[in-house]
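Take a look at these structures.
Shared chain: chain A. Partners: chain B in the first complex, chain C in the second.
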Partner chain A sequence: MPQPPHHTQLSRRRFLTSSALVAGSALTAPLLGACNAGTESGDGKTVLTIMYKNNELTKEQIADFEAKNPDIRISFIEHDGTRLNAMLASNEPPDLVRAPAVGSARTNAQGLATDLDPYLAKSSVLKKEHLLPVNDSFRWDGKRIGHGPYYGIIKDWSQDATLWYNRALFEQAGIQPLSTAEPISYDELLEIATKLTKKSGGKTEAYGLGVEWAWNLFAPISTMILQQGGEVYNTDLTKTDMTTPQALRALKWYVDFAKAGVGPTSLDPAPDGADLSLFLAKRMAITQDGYWYGGNFVKESDEIKNNIAMAPAPVMGDKRISPTYAGWGAYIPAKAKHKDEAWRFMEYYMAGPPSEDRAKGGWGIPALKSQLSLMPQELPYQKQVFETQQAELQHAGQLPDSPYIGGATAWDPVLDKHLQRAIKNEVTVEAAGKAITDEINELLRQGKDQIG
Partner chain B sequence: MTVTRTPATTPATSTPPAAPSRSSRRRRNAAGTYLLLMTLAVLFAGPFAWLVLAALKTKAEWVSIPTKILPETPQWGNFVQAFTEINFPAYLGNSLFLSFMFATIVTFSSAAVGFGFARLRGRGKRPLFVLVLATMMLPQILTLIPTYVLFARMGLVNTYWPWVMWALGASPFFVFLFRQFFAAIPAELEEAAIIDGCGYGRIFLQIFLPLSRPVLLTSFLLSFTWTWGDYIAPALFLDPDQTTLSVAIAAFYLDPHGNPDATVQAAAAAMYVVPVLVIFLFGQRYFIRGVVSSGVKG
Partner chain C sequence: MTATATEEARRGRKRWQRYSSRTFYLFVSPWVLGFALLTALPLGYAFAISLTNFNGTSSQWRWVGLGNYVEFLSDTDAITSLVRTLAFTAIAVPIMVAGGLGLAVLLNRRLKLVGLFRTVFFLPSVVPVVAAAIMWKLIFNRDAGILNAILEKISIGPIAWLVDPNAFYALIILILWGLGGGMVIMLAALQGVPAELEEAAVLDGANRWHVLRHIIVPMISPVIFFQVVTGIIFTFQIVIQPLLLAHSREVGQVTHVPQSTHLYMVQVYEEYFANNRYGYGSAMLWVFFVVILIITLIMLRSSRLWVHYEVDSEAER
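Coming up: the complex of A and B.
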C-alpha cells in the first residue's frame, strides 16, 4: 500500500477550520468550567458545601444566612445518597449533610460524623438543655444510641404512628370517628378499616386505612414489638429475632392488613406511592402519618379542613410508645473542611429564623423545647391536632438502632419480600419471620465484620 | 364413418374462483402490514399520550377510581406551573448544551477510533478491538463512584469536563458501528486518495467522514438521547444550578415536605420529551439508514 506523504502547507480552508475550532474551544471552556466550586471563592469567602433537600432549605434562607454571615458563601448540593457516598469516598465530604436521627448509629459508629458536644457547650443559641429528648437518637457512646455525645441535631420531627382521618367518610359508613384522646388497638383499627373500605367490581373505590407501606415497614413493626414489651435486637445489637411471639404478632397484623385489602401495599401500590393524594381525594379514610401531615391541609378546601382530625398512635400491647420513625436533621462530617462555619449554619438553621418558620408552619414538631409553643393553632383542626399532639409527646419512645445495619433502608426490602410471600400464602407468617431473621442476621454479621 | 365430435370434456367440479390478482394480494398484504404498524404505533405512543393526559388532570382525577382517561377540564395551568416553578429554561439550556456537546465529541472520537480499527494496520489490533467491545459489558453504574473519586481529585466535579473526557474516550458501541461501516468501503478509494497525496487524516476527514453521514447521524442521535435522558451522572456530578432537566424534573417539583407533585411533574416530563421527539422525527431516515448500513440490526 502506498505511504501517505507528509503535508506541511497550510491551506486557507484548513486555516479557517482550525481558527473556528480554537474559537469554539475558547468559548466552550469557560462554560464547561465556570461552575467549579472550590473551598474558597474568588472574593476570599469560605465556601460552605451543604447537602440538603431543596424543599427544606430554600434559596431565601441561604441568601438570608449569607447576608448575616458575609464571610461565608453556600454551595448547595441536592441530597443524594449515591453522591454522598462518592463524596465520602473521595475524602471531599460536604460541610453539612441532611440525615435522619433514627438510623444514625451506623454513621456514628463508623466515625463519619463530628462530635457536636464542644460546639453545644460553647453555643449561646443551641445548647444541650434546649434540645428535646428526640435528639437523643443522634447520640452514640460507642455501644448504644441515646447516650454519649451528640453527632447531629434534628430539624423537626413527628411521632409517625399517629392517625389522620376524614370524619365525613366515617359518617358515610355510619361508624363512630376515632377518639382524639385515647389510642385504638391495632386489631380494632383493622376491623374499622375493613368497614370503611368500599369496593366495587373488584376495584377499591375507597381504602379504609393507609400505612405508608412504601415508606417504612421496619419502624412500625419495631414499634408494635416494643409496645408488647419485646425487643428488636439483642443487647449487643448484633442479632435480631423475628420469630418471637411479639414479632410474629406484628408481622401477622401486616399480613392480615394486606389480605383484607383495606389499604395500599407493595402488591397493590398507591398510584404515586404515597397516601396523601388518596386521602385528599377522599379515597382513604385513615392514614398513618405523623404531625407533619397537617401541613398539607392548610391550603386545602374547607371541606377537607373541617373534616380531618388526628388520633393518637394505635397500640399493640400494654406499652403506649409513639416514636419518630426518622427525625430528619443534619450532621457535620468528621472530614468536613469548615466545621466552625458549618456549626454557624447549624445554629442558624436549627435555632434561628428557619426553625421558627418551620414550627409556625405546622410541617413538623420543633426539636427545641422553646419552640413547642409556636406550633400553629389558628384553624380548628390545628387546635385539635395541637392538643392531641401535646398528650402524645408524653409517649415518645425511641426506636432501636444497630450500627451494624442501615436501619429501614436495609430492613424494608427484606421485610417486604417475605411479607409478600406470606400475603400470597406461599409461606406461613412463622416461616416468613424465620426467613427475615436469617437474612437480617446475615446483614448484621456482615456489618459487624466491617465495623468491628 | 361417422365421426362424432364430442365437446371437450368439462371437469366434474365447478370452475375454481379466479386466482386473486397480484395487485389485490399486494393490497391485502399492505393492509395487514399497516394494521400491524398502527397497532404498534398505538402501543408505543400510548405511554406518551397517557403522560400528556396525566399532565392535564387535577390531582383528584390523577388518583380517581375508576380511572378517568380524559380530564374533565384540561389543566393547562400544570404546564405553566411546570415551566415557572423551577428555572425550566436554564435547566433546558444545560441539558441541550451537555447533550449536544457530548454527542458531537463522542461521535467524532468514535468515528476516529472506528476508522483506525477499520483501515489502519497494527500489531494487536484485533485483541484491542475485542477489548474495546468487552468494555460494553461493564455497567456504567459500577464505575461511577470510582470515576467520581477520580474527577473529585482533579477538581472537575460540578463542571461539564467529565462529559468531555467521557466523550473523548469514545463509545465502544459507536466505535463498532463506525468500524463496520468503514470496513465496507472499498480499499480502492483509500488507495486512490493516497496516490493523490492524501494523508490518513485527510482520508478520514474528507473522504470517509462525508461518506458516513447516516452513521454519523445515528451516533449523534443515540448519544444525544442517552445524555438527554441520563439521570445518575448529572445527579452525581452537578450541583442544582448546573444540573440537567432530567434531575430537575425528578427532584425539584416537591411540596415543603417532599411530596412529589405528580401532575406538574407529568407536564414537565411531557415538555422534556419534545426535543428528542423532534430530533428523531427529522433524523429518522438517516438514523435507520445508518443502523442498516453498518450491519447492526435489532
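Coming up: the complex of A and C.
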C-alpha cells in the first residue's frame, strides 16, 4: 500500500473544481485550436477548406488544381448539412460550399454568402456575361432572387420537368410515342400513363409514369402553378395560398396521379426511392427527370440506348415554363477565411477543365453559354436529346424562392402529409390545400421572425 | 509506548483514507469527465437553445423564454407523435423482452449444435442498423419483396408493408430483428439460476410452466427489469429506422415517413433539419427527456412489486 509522506485528502469540492478545470481546458483547447485551423499548412501553403460531394469533386481534380496552384492545399470535407450548420454558426465555415441555386434566398438573406460581383468583374475566365440566366437564382437584391449581386455560381443544371421515355414500352402498349418537339399536357400525360401501366394480382408489373415523388414535390407543383399564371408566394414572400384555382388544380393532378396508381408515391413507394432502377428494368415507361438523366444511359445496353428519348416538359396552362428544380453549384461563405483562393478554385471548377469534362459527359447542362456546344451528340439518343434540350432552353423559367422557408426541404413533408390524406379520401383536395396553406404560412411566419 | 502505537494506528487509518479517496476519485474521474463533457454540457446547451428561436445558422436569433414549451402544448403533430411513440413502445418492448426470454429459454439447454443456434440468433443484432433496415426495405417491397412472395404461396396479399397502417408493424418486425442482443443477456441470467432450485420444484410436482413462472422469472427479474428499462429508452429514441424504411432518395430525408412510423424523434428530426427550428427541436427534446425520466422513475418504483433481489434490501441495512 503506498503511503506518501505528506498528502492532503482530496476533498469532494477540490475534485469537482479540478474536474471542471480539466473539462474547461478540454473544451477550450480544440476551440482555440479551431481558430487557427485550416489557415496555413506546415509547408506555408494556404489550406482551402472545401465542402463538396466526393463524386462531384474528384481526387484527380483536386490534385490538378493543387498542381496548377502550388500555394494552395485543399482540405476536402464531404458535404454534410448538419456539419455545415455547425461550422456556419461557429463562424468557422468552409471556404467554399456546395449548394443549390434554387433555395439560396434563405442563405443570402441571412448574409451567409459572399457577394461575387467584384470577383466576376475582375475575372478573365468567369464573367457575368458568360453566365446563363439560370445563375440568376443565385442573385439576391435584399428582397428577392433574380436581381442584385450573384452569391453563387451553378456547376451544371437541368430543366427537371422534362420527360424520358422508353419507346419499346409504348409500342408494346400500341400507343404513339410522345412528341420530342411539342409539350404534352399534364392531363394527357396522366391518360397515357394509365394506358401504359400494367397491373396483376394487386402488384404493379410496369408503371406508366414516375414523377420522382420522393425527390421533390414543391418544385413540380410550383411549376404547374406558374404554368397557369398563378403565384406561389405573395409579393413580399411572406405568405402562400394553396387554395387558389391554380394551386388546387396542381394538387388535384397529384392526387389523381396517386389514385390512378400509375407511378410510385409515398403510398406506393419505389424500392429505392427513385425511378431509375424501374426505368432501366423496363418497369416504367416514362420518368420525369431533367437532362442530367441521360448520363445514366451511356453505359447501358443498346436495347436501352436505342429506345430512350426525351420529351419537353409537360404543361398545365398557357405558359410554357420549364425551370430547374435545383441548379447545384457553390458559394463562398461570408465568413470564409480565404475568399480570394476560394474564387481561384471557383474559376477552375466552374470554368476550367472540370466544367468542360462535365459538359461533355452529359450529366447536366453547363452553366456557361460558351460550353453549350460541348454537350454530347455522339450517340443517336444524345442527338435527339440535344435538339429537344436546345429548344427547351427557351422556356427555362425561374422557381419562386422565399428567404423565410427552406424550400423543398420544408415544403415537401407538409405537401406529402396532406396529399396522402387527400389520396386516401380522408380530406378533399380543397381541405388539403387549406391545411398546406396554414402550415406553410406558420413556417413562413417563424422564418420571418428568425430572419427579420 | 501505547500512545505512540495509537498515534501510529491513527496515521495508518488516515493514510488508508487518503489512498482510498484518491483511488476512488481517480477511477471515477473518466466517467465524471465524460458525463460533464458529453452529457451535462450538451444538455445545458440544448436547454439554452430551447429558450431561443435559433435556426442553426443565423446569428439573428433571440430569446423567446418558455415560448417553445408553450407552443409544444398546442402542437398536435408533436403530441400525436408522442402518443404514437408511447403506443409503439407499449407494443414493442413486451414483445422484445418476452421474445428474448423465450429464445434464451429455448437455447439454455445441453443440445447438439446449441452454440451454432445461439450464434445464428445473435448474429442479426450485430448487423449495422442501416444494412438491416435496407435489407428489410427490400424484403418488405410490395411488388418484388420476398415476404410477399412467400405470403403469396399461401394466398395472402400482396401487402403494402411500407405504407400506412402496415408500416407500423414493419417497423416492429425490423426492431425485433435485433432480438439476439437481449437473448444473450437473458441467457447469461438463466445460467445463473441454481439448477437445484428447478430440480426441487420438479420433485415437488411443478411442470415446466410452473418452474418458469415461479422459479426462473423471479430469479432473473432484475435482468428482466434492466431489459424493460433499456428497451423503453431504446424504442423511445428510435429515429433512423423509420427514416430508412421510408420512401426517400437519401438517408435522413424525413419527407415521406408514413404517419404510423412518424415517431417522436422523427418529429424532432423534422423540426431540426427540415424546418431549421433548432430552438423548438431542443425544447421537444427536453420535454422528451422529462417524459423518459418520469417513466423510468415509475418503472423503478414499480420494480419493488415484481423485481426480486437475492440480497434483501432491509437486511442489507
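Just so it is clear, the second predicted complex is superposed on the first by the 414 of 452 C-alpha atoms of A that agree within 3 Å, B and C clash if a C-alpha of one lies under 4 Å from a C-alpha of the other, contacts with A are read in each partner's own complex, and residues count from 1 in each chain.
The definition used in the following text is that contacts are C-beta pairs under 8 Å (C-beta built on N, C-alpha and C of every residue); 3 or more make two chains touch, one makes a residue touch a chain.
Computed from a predicted model, the values in this text were never measured in an experiment.
J.: After superposition on the shared chain, which partner residues are touched by A:193: those of chain B (first), chain C (second), both, or neither?
T.: neither
J.: I'd like to know which partner A:296 touches here: chain B for first, chain C for second, both or neither.
T.: Touch partner of A:296: chain B, not chain C.
J.: For A:266, using the defined touch cut-off, is the partner it touches chain B, chain C, both, or neither? Pick first, second, both or neither.
T.: Second partner only.
J.: Could you say whether A:54 touches chain B, chain C, both of them, or neither, answering first, second, both or neither?
T.: A:54 sits against chain B, while chain C stays out of touch.
J.: Identify the partner contact of A:409: answer first if only chain B is touched, second if only chain C is, both if each is, neither if none is.
T.: second
J.: Using the superposition on chain A described above, determine whether A:82 touches chain B (first), chain C (second), both, or neither.
T.: Both partners, chain B and chain C.
J.: Figure out whether A:277 sits in contact with chain B (first) or chain C (second), or with both, or with neither.
T.: First partner only, chain B.
J.: Identify the partner contact of A:72: answer first if only chain B is touched, second if only chain C is, both if each is, neither if none is.
T.: After superposition on chain A, A:72 lies in contact with neither partner.
J.: Which partner does A:92 contact after superposing on A: first (chain B), second (chain C), both, neither?
T.: Only chain B; A:92 stays clear of chain C.
J.: By the touch definition above, which chain A residues appear in both interfaces, chain B in one complex and chain C in the other?
T.: Comparing the two interfaces on chain A, one with chain B and one with chain C, the shared residues are 1-4, 7, 82, 85, 89, 203-205, 270-271, 274.
J.: Would you pull the chain C residues touching chain A in the complex into a rising list?
T.: Of all residues in chain C, those touching chain A are 14-19, 21-22, 25, 29, 32-33, 36-37, 41, 53, 55-61, 137-138, 141-144, 148, 157-158, 160, 162-164, 246-250, 253-256, 258-259, 270, 273-277.
J.: Which positions of chain B touch chain A when the two form their complex?
T.: These residues of chain B touch chain A: 59-60, 62-66, 97, 101, 144-145, 148-149, 152-153, 155-161, 164, 191, 194-195, 197-200, 202-203, 232, 235-236, 238-243, 247, 251-252, 254-260, 262.
J.: So in the complex, the part of chain A that touches chain C is made up of which residues?
T.: 1-4, 7-10, 15, 19-20, 22-23, 26-27, 81-82, 85, 88-89, 107, 110, 112, 201-205, 212-215, 217, 264-271, 273-274, 406, 409-410, 412-413, 416-417, 420, 443, 446-447, 449-452
J.: Under the stated contact criterion, what part of chain A meets chain B in this complex?
T.: 1-7, 28, 31-38, 53-56, 75-78, 80, 82-83, 85-87, 89-90, 92, 203-205, 270-272, 274, 276-278, 280-281, 283, 292, 295-296, 361, 363-364
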